[in-house]
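Please read the structure below before turning to the comments.
In order of appearance the chains are A, B, C and D, and numbering begins at 1 in each one.
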Amino acid sequence: MAVAEITKRLSIAESLRQAITEEMRRDPTVFCMGEDIGVPGGWGGAFTVTLGLEEEFADRLLDTPIAELGFFGAGIGAAMMGMRPIVDVQYGDFLFLPMDQIVNNAAKMRYMSGGTVKVPLVMRAPIGATGRGSQHAQSMERYFIGVPGLKVVAVSNAYDAKGILKSAVRDDNPVLIFEHKLLYGSKGARAESGAVDATSEIPDEDYTVPLDKAAVCREGSQVTILSWLLMHHYSMSAAESLANEGIDAEVIDVRSLSPFDYETIGASVRKTGRVVIVEEGPKTGGVSAELAAGIMERFSENMLAPVHRVASPDVPVPFTPVLEDAYRPDPPRILEAVRKIIQH
Amino acid sequence: MAVAEITKRLSIAESLRQAITEEMRRDPTVFCMGEDIGVPGGWGGAFTVTLGLEEEFADRLLDTPIAELGFFGAGIGAAMMGMRPIVDVQYGDFLFLPMDQIVNNAAKMRYMSGGTVKVPLVMRAPIGATGRGSQHAQSMERYFIGVPGLKVVAVSNAYDAKGILKSAVRDDNPVLIFEHKLLYGSKGARAESGAVDATSEIPDEDYTVPLDKAAVCREGSQVTILSWLLMHHYSMSAAESLANEGIDAEVIDVRSLSPFDYETIGASVRKTGRVVIVEEGPKTGGVSAELAAGIMERFSENMLAPVHRVASPDVPVPFTPVLEDAYRPDPPRILEAVRKIIQH
Amino acid sequence: MTQLATNISIGRLSGYDHDFLLRLYEQMVQIREFEEGVKYLFLQGSMPGTIHQCQGQEATAVGVCSALNEDDFITSTFRGHGHALAKGLSMEEMLNELYGATSGCCKGKGGSMHMGNMSKGMVPAIAIVGGGIPLASGMSLAFKMKKTSQITACFFGDGATSEGAFHEGITLAAIWNLPVVFVCENNLYGASTRVDKVTRLKKLSDHADSFGIRGETVDGNDVIAVYEAARKAVEESRNGDGPVLLELLTYRRTGHSRRDACHYQHTDEKKEWFDRDPIDLFGRALTQLSGIDENQLEGIRDRITQQFEEAVVVAQKEPQPSLDELTTDIFA
Amino acid sequence: MTQLATNISIGRLSGYDHDFLLRLYEQMVQIREFEEGVKYLFLQGSMPGTIHQCQGQEATAVGVCSALNEDDFITSTFRGHGHALAKGLSMEEMLNELYGATSGCCKGKGGSMHMGNMSKGMVPAIAIVGGGIPLASGMSLAFKMKKTSQITACFFGDGATSEGAFHEGITLAAIWNLPVVFVCENNLYGASTRVDKVTRLKKLSDHADSFGIRGETVDGNDVIAVYEAARKAVEESRNGDGPVLLELLTYRRTGHSRRDACHYQHTDEKKEWFDRDPIDLFGRALTQLSGIDENQLEGIRDRITQQFEEAVVVAQKEPQPSLDELTTDIFA
């Protein structure tokens, strides 16, 4: 961002709201569909992202019945007919309900039509373990990477959130955006305990952030830490501590979960030769599995140590805070992993 | 199998049928629920597995409406109340419909009840690209590995199919069994073109095959080929060709897809130092990703080369046979991969 | 109970011009010829894949699609050949698709279960039972938001009515008053399962009650009855007085798929429905009209047979995709 | 329209013995005290997690569960505290659960949204809207197959009626005649969305028509009306004449969850329903019976308040799980 630009500090919830507002103003085919997103006096969706938007866009903020398979499917249908719907689930865990529509219809439609159909659909889903027990907590990214025809991204700060949502709206393909409950910066009754500051300065100008690029957020030479969403913030804080120990870590916000940006990741791996991936969610079968395998396939000659994955144990998310805290990888566990890989 | 046992050569469809019959006779709480499984004059499910069983078990072969979320959920409920249901989808692709019930309810129930609930539910799903276009074709294993609380297995021959189904029925946890359309040996109107012989000698005695063990099907010293279902058969045939070239491959049927049997796999990797994994389905985010990452984490000091994955390209399954054949990994591609890794 | 015609009285045909009636006949014949021809090619082994066919159900596809405008859309299912032909897809583009050729309506990537052609108002068919229903609501939502006057006719079977997608998809259309006609082709079976085994309802159109919309059950083998019911439903939907749920009572004269011998269908039932074949019923009525005779109908049949046979010869030689095309058409 | 009581006439209470009536009262009071106490603890910050509460809906839980046998089962939702208490879970095991203690009914692993206790006839509550409905059918299927005489009462909200799970789950129960009572607590809102925005139906019990089962709408704030309707439905279900869909009209006096201020609820509507508070309604009627006076009711309330307060003191000190327990209870 150039210094001269007028900027304003926004939370992710606010910057997503701004992105939606601007895109709806720009393009009359953009609309939102979801539960409790536009009820006057309501919440603007589960995490305030669409709060108040019904005032300006009464006809384009469609409050749905609780019917995720139905309205995701309807989003696909509307997209095929030239609209650009943004649909969301209140918690990522509910994505299993419309998953048939997402994988079997949205993602395959272009291919099985021989390239004659477009599905410009944006899907949004909040994830993260946040004191709600095991059905409102799991990390869902793993279930959607490598689905041919589907783009998957994760937004860790307000700047990216706005720019990526805009790119997604303008993209002609289905895009699934993951957001994290502890990063929204939702306020009032929807504030989250344990929230982490993910606000950014947002320029006044229209901008987009590409859907297929990782971001090097901290340069370093000895080890590459790959993560996204909440874990990216924990990784950044771990990197600060590591710097104090004299370990120089490069921290990359993976952002583009499917497909991955191996260009950016590769450049880092070639430099450091060591990779730690940090993921919230059970280790087995996570996004990190593909990242680790993909990195070792592509850059094995540069690797000084096997890729190390820091993740949750293979358990559902427990309710009780003492166990939930142990479930979620945290900076100390990241530190430990990095120290180990450095000694390798 | 001891030589003295009376054996009979059966297909997978037949041995599964036998397993279901024997388990239903043994235990009155075992029953089947699914579409078109027990209609007199019908097919015995999509691939003849339950053909004719309605004659002996009229009350325990429940033909359902087309409502996968509903009857999988009902299976969970019945299991919680002490029954041992076997539910199936006609094509694995439909598993997205009951996926909420499988992951959010069946798999988590024990944990979130603090260990007080049991869900002895068996689920069966056929997969494989077989000339039906992209919604009756995809490999679904990837979506269910690493789901804590769920066991996932894949059966490649009739002997295992019977023994594993029996173990699954007797297990107190939800178990998802993957089967392959080209391996059933379904006959008559339900025969499949491109089918591969997966028959086995089936002993007369009751036997089980554990849910957590891989099988070394061909011993070898230079490279370990890991695969399951149809790809296991292709791997065996590739290994024969390799032997002619003087390459001695060990072939393991992974079978236990979640959790993996790292004991068996590890022993092989320590011996050969080279691993090729063969998987039907898009490479990115497949089961092989976790296998590759897990192997490299555990056995990196034994590895002579990075793990190599042979899989489908990242595309939906095309209908036209010329492209479908190219989609599916085949013995020539396996050979090529092994030759390359041996030279590494 | 809905009256099932054993005869279409010519009184009901007055008021329609002959061209229109002959077009209905021709379209039904085209579907029948196409399906019978494809079945032969498939059983003979020259055609790849699997097939789900609609012999005996021609009047539903033709009756409904005749009530639509060209720019209206349909959604269809694994059993979609009839819908596709009735909506204007050509036998040629469909045969090419079935043979996996690049000139197929989906470049060979779709196949029998995913026929479609956007320029003719048919999105690729959805082979997940019920899966097209939410799509149809969304398509109609787009029409409504864009203020076009298009509507969607959404085809599905009796079996689909127990899927969650049916319930959720129609719920959306109902609460938002969307311009869509839901067409349930009740052919008495979902695969091998008779409908009365999986619902307590005598009339599937009674499902309409739980959405607060209008439902109607019609003889699906009487093409004129279908056309008239569809025209009414289409009009209501287009005017914002929909959606409507139409149940069309019909029967599948062939296997559920491939080589299915239908041992689960009762002989009496079969006979009763075969006697009510939609093409025979309508053909008999037509020849009673002055100015139309059996020769004319035979001419139509011959013409179609010939067109089909020529199309097969071409399709079998159409170019197959090159291997590069395996990885194209993923992203727009 | 279903008559909504502003008054319960004592004539309707004759025929019930006082102990039974006082137990209904006590259970409703227990739920209210529990919920109000928990709300205070939560807002005060001493209790972790999030909460979905049922103040104002006590009569539905109590009326239905009073019609069940001990070995009957219920399924519940994210808003399950009332159901749990009415089915016999203790305030103690529930408070311990809410505080994440190992002595909680789910060892602290479940939390507010997954309360359950198998030995008391309640499976862990399902927090996916509608997700418990297929489960309930399966539970009743087991009862039927095992020829026990148990039934399941399946609680869900108005919002759940648009989910596919509702449609599929009840379809199964209907076609197999399963011993289950589906209890739709219509509190007029699904989260912040008013029910009339998401259905065209005036009565949600009309959904019963599409399953071919009996539906009934009852005043859900009149505990006696609920009890009587539930008893009838339970009996029918137990006898194999079910399933039944009961719609209980009620109102949530508190936020959807946590700190929700309910700005979307209209003031008049709130007032109307607050005037029909189920505990007040029933309490007023009780004190008109000879032999019951306000003192007695106050005694009940005091006793429960004290029990709750003691339980909180204990719960706050109950042992938390050790870290080993993170990875136990995955597999049986």
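Convention: a contact is a pair of C-beta atoms (placed from the backbone, for glycine too) under 8 Å apart; a residue touches a chain by one contact, two chains touch by 3 or more.
In this text, all values refer to a predicted model and were calculated from it rather than measured experimentally.
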| item | value |
| --- | --- |
| Chains touching both subunit A and subunit D, listed by label | B, C |
| Centroid-based (C-alpha) most distant chain relative to subunit D | C |
| Intercentroid distance (Cα basis), subunit D paired with subunit B, Å | 42 |
| Centre distance in Å when subunit B and subunit C are each reduced to the mean of their C-alpha atoms | 36 |
| CA centroid of subunit A to CA centroid of subunit B, Å | 32 |
| Multi-partner residues of subunit D (each touching 2 or more other chains) | 104, 106, 108-111, 114, 126, 128, 162-165, 167-168, 171, 175, 197-199, 330 |
| Interface hub residues of subunit A, defined as touching at least two other chains | 64-65, 67, 69-70, 93-94, 97, 100, 104, 111-112, 133-135, 148-149, 314-316, 318-319 |
| Residues of subunit D defined as touching subunit C within the complex | 162-168, 171, 174-175, 197-201, 206-207, 209-213 |
| Interface residues, subunit C side, partner subunit B - complex | 48-50, 97, 100-101, 104, 106, 108-114, 126-130, 159-160, 162-164, 190-194, 197-199, 255, 258-261, 263-265, 320-321, 323, 325-327, 330 |
| Subunit A residues touching subunit C - in the complex, by the definition given at the top | 29, 31, 59-60, 62, 64-65, 67-83, 85, 100-101, 104-105, 109-120, 148-149, 151, 172-173 |
| Subunit D residues within the subunit B interface of the complex | 73, 75, 104-111, 114, 116-118, 123-124, 126, 128, 131, 133-143, 145-146, 152, 164-165, 167-169, 171-172, 175-176, 328-332 |
| For the subunit A and subunit B complex, residues of the former touching the latter | 93-94, 96-97, 99-100, 103-104, 107-108, 111-112, 133-135, 142-143, 145-149, 258-259, 282-290, 292-294, 296-297, 300, 306-309, 314-316, 318-319 |
